[in-house]
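Look at the two complexes coming up: chain A is in both, with chain B in one and chain C in the other.
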Partner chain A sequence: MTRPYTPWLLLLVALALAAVYLFPLYWMYVTSLKGSSEIFANPPTFWPVAPDPGVYPAVWARRNMPVFLSNSVIIAAGVTAITVILGTGCAYVLARYRNVWIDIGLFCVLMLQVLPASVMVTPLFVGFNQVGLLSYPRTAVVLAAAAKAMPFFVVLVRATFMSVPRELEEAALVDGNSRVGAFFTIVLPLARNGILVCAILTFMSSFGEYIYSKSIIQDPNLQPASVGLSGFLGPNSTDWNSIMAYAAIYVTPILAAFVILQRRIVAGLTSGALK
Partner chain B sequence: MSRFFNALRDGVGFDVLLVGAALLFLLALAGAPLLYNVLMSFQQVDMFTLGVLFRPFVGFDNYVAVVRQPEFWLVTRNTLIFVFGSMTGQFVLGFALALFFAQKFPGAATIRGLFLVSWVMPGLVVGAIWSWILAGDFGVLNVILKSLGIIQANVFWKSDPNFSIWAVIIANIWLGLAFNMLLLSVGLAAIPRDLYEAAELDGANAFQRFWTITLPMMRSTIGAVLSLGLIGTLQQFDLFPALTEGGPANTSNVAGYWSWQLSFQLYDFAKGATVSVMMFVLVLFASIVYVRSTRHEVRG
Partner chain C sequence: MTAQIELRNIDKYYGSFHALKGVRLTIEKGTFVALVGPSGCGKSTLLRSIAGLETITSGDIAIAGQNMTGVPPRRRDVAMVFQSYALYPHMTVEENLTYSLRLHGVGKAEARLKAGEVAATIGLSQLLGRYPRQLSGGQRQRVAMGRAIIRNPKAFLFDEPLSNLDAALRVQMRKEIRALHDRLGATSVYVTHDQIEAMTMADWVVVMRDGVIEQQGRPLDLYDKPVNRFVAGFIGSPAMNFLPATVTPDGQGLTLDGYGADRIPLASPAAPGQAVIAGMRPEHLRMAQGPASFHLEVGTIESTGSATYLASADGALQLVQSERADLRPGDRVGLEIDPARIHLFDPETSARI
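Showing the complex of A and B:
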């Protein structure tokens, strides 16, 4: 008798769990809509009494967000471009062969994947200072963050290339195509979706890059939005509705892209993340 | 010369070019800095020698100085608490959720996918949101815990030395939970259904099935998830500046953030490099476990 109801009961529980888990996001949006006295109400209101979106344009202008956000986009685009151009070829070769050299290459990539940015930032900063790259701080950050993002990209895209049948490429070679031609006309188009998902993931994660930008970029006009957020965030901050509005403006594009592409992203991650 | 270009276009040269470009880039921007870091930890680095490569060699003086710092053992203890607290929380909750979402019900995959938003959000934003939730006087977590009767008085998560590291751990568990759950779900989905059916026919209850089928079948997945969790936790940086800045009095400081503070707030690059070399040894250990537990899958 109870059997048919079980799936719906589970669905209810699942929705409740998701609601609890996503509460911080909800709280960000709700707080940003509250007035500056309502945020300190006790007990707090779980739905704003007088929703006021006016804080958004105010924060946008006062915190110089257009500059910060465009810097974030520039840095993320640079990181994604370098990662995709260099990483795709590397992943293709690592997926195509199986010998001891490939094992060594893979081992190197896996080892580089685990290096914490906080370990790398000190030598990178001193080294960039010596070669003069600190005069081009955004370029320096792009290079450093691309080296951080590439190993993960290679591991994921390699799994995509593994799923492209070898026979198709071999058929093209038999038909007189060159290796370069087969790569660009057969293999790349077949792996396009996987590469695209991984590129989007790379873009998303470098859009939030913080540690390298904070350490390397001193000029506020070149800093990304993450550093801009840290500027008015501290143990004693009280301006919570502005902070939450800033955070909301910053993450809403990422969240929207994620929700639209959710199915593909999850599929791309699960195919490669454990391999 | 034309043979060279032919090989590049149509032979092994093409592969070498593709993999070589990426590896050269990674060697220049990840391998070389790593070695440079070790070199710096044995040198005297100050404002006068910052611009040169061969600085006065000081042997193990930097290491001795770092260990003698009054906060060294506190930071070590905090790092261990942070790593084990975060990993345990992420793994246990992630496993529980993965088991739950392995049940068949409408929308299971979609709702599970929604959990992953925590993982794509910038760490600093996650830190900012939790900083507000965990605020002492007006934070919503205190209100919820008080109304549930779990605590009587407000807990000052970020400024109480007893809780500050736990504030970061809570935020980090939230951040990493979804990724753990996703990887464990993949492992769960790979277990053949008929094993469970056979066990059920033989009269094994749910707990026995979990203990004798799920856990043994998941062994390599669990190894990979735990080592990825360790690596991810050691990589965590953004939450510290957003939540506590290592304070109060270093009670929530961990190795990664301390190293950054030494380099970029005190401009003591030698000590910063020394701490990060120490941390790298820890990461190396984690990655060896990770590579070992995924090795057969890498080749596959």
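Showing the complex of A and C:
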């Protein structure tokens, strides 16, 4: 048996890049536990001398985090719900029909992905203002963020639907089902894994949504945690351990969820629905 | 006999591609009809049109006397077995079998009972709790069959159901499908590209090419009296030999172009001097004991034990015989044929003369 060629160099580069990307995460946790003088110590300490976890409950209460976090959850849940319900239908149509209009539709969907949120936010703000949506700022953010999340979802879920053989649906039709019935009893259950994974990814990314929330939601009681965090940062802010504790509280649940689900997420993204 | 399925002037276009051209076909109740033809001839399209999975451009489809043109598949009451079996991967065998029953509002207990019966018929009783991925190819094939017969439909449609099985299993399933058809007294339409399947299973064979029905009839009629060169070449294995020939001046014989001036007698007279294509089945050619009608220079010899296949070096002439022959490439063999078994075709139109 010959050993498969292992691209050690590429692996090393990848690991180095991952380390660069993950170091801030480590630094966040470490800094949150440091005292205020240790934070500015030079050379920096890589492990806090006197870890003080008391900063966590303090920040939780002082910064009104329950409100911010529940807003984040509401917005992320709304975005996910809209994206999954509309995106699944859209992806199915794009997967099953082939003609010029479908190609144009797909192109437009991908085009949406190209437009950055920071470019879209001003026209959206003006538009929402016109129709009076700014009185319901969280709803407005959910709509804007769902539109942003949609292309990614549609493209991935479309691939999942394409892996479900057409003959299964035809068999269901001949067996006596309608198109809609065949979709719900045959296609949807088979595409479930892919849809679930994409829904989780959508939830995770919209949990951290910032640009639309920052611009559209003025009332602190309706702002999500991402905006709450930026309100923490002032020109003279020195309260780094509290800021890091806030960030840690914000990020940890999502991180934990990802670690727990990562096997399924990776499997769902790479394999077809059928095996 | 009443017509179970009637197709009247079916036309089907895919864009500008004319897939079915004015197809007319009447399928009697209780018959087993095979649609055969090379790939792309429209046989699957025709079957899917009967099922309602393809919308036809024009024409009428009637099933059991009711006009079904434009009616969605679920209201046509036909069952279909797909080439890939199309078993629902997320359902057990039992759920696969009862899917259609549940859709038609049959109670759970009754559906269970029925699934048990069907499973016993097709020999799947042990496997009701399994998922399709845990079954072998032959077992999947049976489940697909079971899913079709559980409903007692007006017609069974088979779309090349055996092409994914190995050769031995295919021969066995061929018999089983035919036996099932007879037991149920069903009407079956069976699409295949394998003429052996069509010949062995069907009561009525429909040969298609390029969206047109070339000939239909009982299997042996097609074999004995093909209406044109295409059908003649398609039915029978190995394929019929086609040799350019000229009718002798007295109209009673043939000379093969390129095989010398040997004269082959004809059973019935033809127009003297006419250029024809002589069709002779490899199994009808015999090595001559006495004076030969014409000769074959042996190119290849294949022996399977039960039969010996001889072919000329250019492959244009083949013969099969059951006796073993002590021959070597390059040997010259005298051949003869029963004059009644020579088919003549017009070189221009390919039609039978």
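Quick note on the criterion: the second predicted complex is superposed on the first by the 241 of 275 C-alpha atoms of A that agree within 3 Å, B and C clash if a C-alpha of one lies under 4 Å from a C-alpha of the other, contacts with A are read in each partner's own complex, and residues count from 1 in each chain.
FYI, a contact is a pair of C-beta atoms (placed from the backbone, for glycine too) under 8 Å apart; a residue touches a chain by one contact, two chains touch by 3 or more.
Quick caveat, the model's predicted, so the values are computed rather than measured.
Colleague: Taking chain A as the common reference, can chain B and chain C both be placed on it without clashing, or not? Answer clash or fit.
Modeller: On the shared chain A, the partners fit.
Colleague: Contacts for A:L190 in the overlay, against chain B (first) and chain C (second): which applies, first, second, both or neither?
Modeller: second
Colleague: Which chain, chain B or chain C, ends up touching more residues of chain A in the combined arrangement?
Modeller: B
Colleague: Report for A:S178: first if it touches chain B alone, second if chain C alone, otherwise both or neither.
Modeller: In the superposition, A:S178 touches chain B and chain C alike.
Colleague: Which partner chains sit in contact with A:V126 here, chain B, chain C, both or neither? Use first/second/both/neither.
Modeller: Only chain B is touched by A:V126; chain C is not.
Colleague: Rounding in steps of 10 degrees, give the angle chain B-chain A-chain C taken between C-alpha centres.
Modeller: After superposition on chain A, the angle is 90 degrees.
Colleague: Based on the superposed arrangement, let me know which partner A:E170 touches: chain B (first), chain C (second), both, or neither?
Modeller: second
Colleague: Give me, in Å and rounded to a whole number, the least C-alpha distance separating chain B from chain C in the superposition.
Modeller: Here the least C-alpha separation of chain B and chain C stands at 8 Å.
Colleague: Can you pull the chain A residues that chain B and chain C both touch?
Modeller: On chain A, the residues that contact chain B in one structure and chain C in the other are 178, 274-275.
Colleague: Which residues of chain A touch chain C in the complex?
Modeller: 165, 167-168, 170-178, 181, 186, 189-190, 274-275
Colleague: Note which residues of chain C are touching chain A in the complex, please.
Modeller: 48, 51-53, 72-74, 76, 78-80, 82-84, 86-90, 99-100, 103-104, 133, 147, 151, 157
Colleague: Okay, in this complex, where on chain A does chain B touch?
Modeller: Residue positions touching the partner: 6-8, 10-11, 13-15, 17-18, 21-22, 24-25, 27-28, 31, 39-40, 42-44, 82, 86-87, 89-90, 92-94, 96-98, 103, 105-127, 129-130, 143-144, 146-148, 150-151, 154, 178-180, 183, 201, 204-205, 207-211, 214-215, 226, 229-230, 233-235, 237, 240, 243-244, 247, 250-251, 254-255, 258-259, 262-263, 265-266, 269-270, 273-275.
Colleague: In the complex formed with chain A, which residues of chain B make contact?
Modeller: 9-11, 14-15, 17-19, 21-23, 25-26, 29-34, 36-37, 40, 45, 50-53, 97, 100-101, 103-118, 120-133, 135, 137-138, 140, 143, 147, 158-159, 174, 177-178, 182-183, 185-187, 221, 224, 231, 234-235, 237-238, 241-242, 244-245, 247, 256-257, 259-260, 263-264, 269, 272-273, 276-277, 279-280, 283-284, 286-287, 290-291, 294, 297-300
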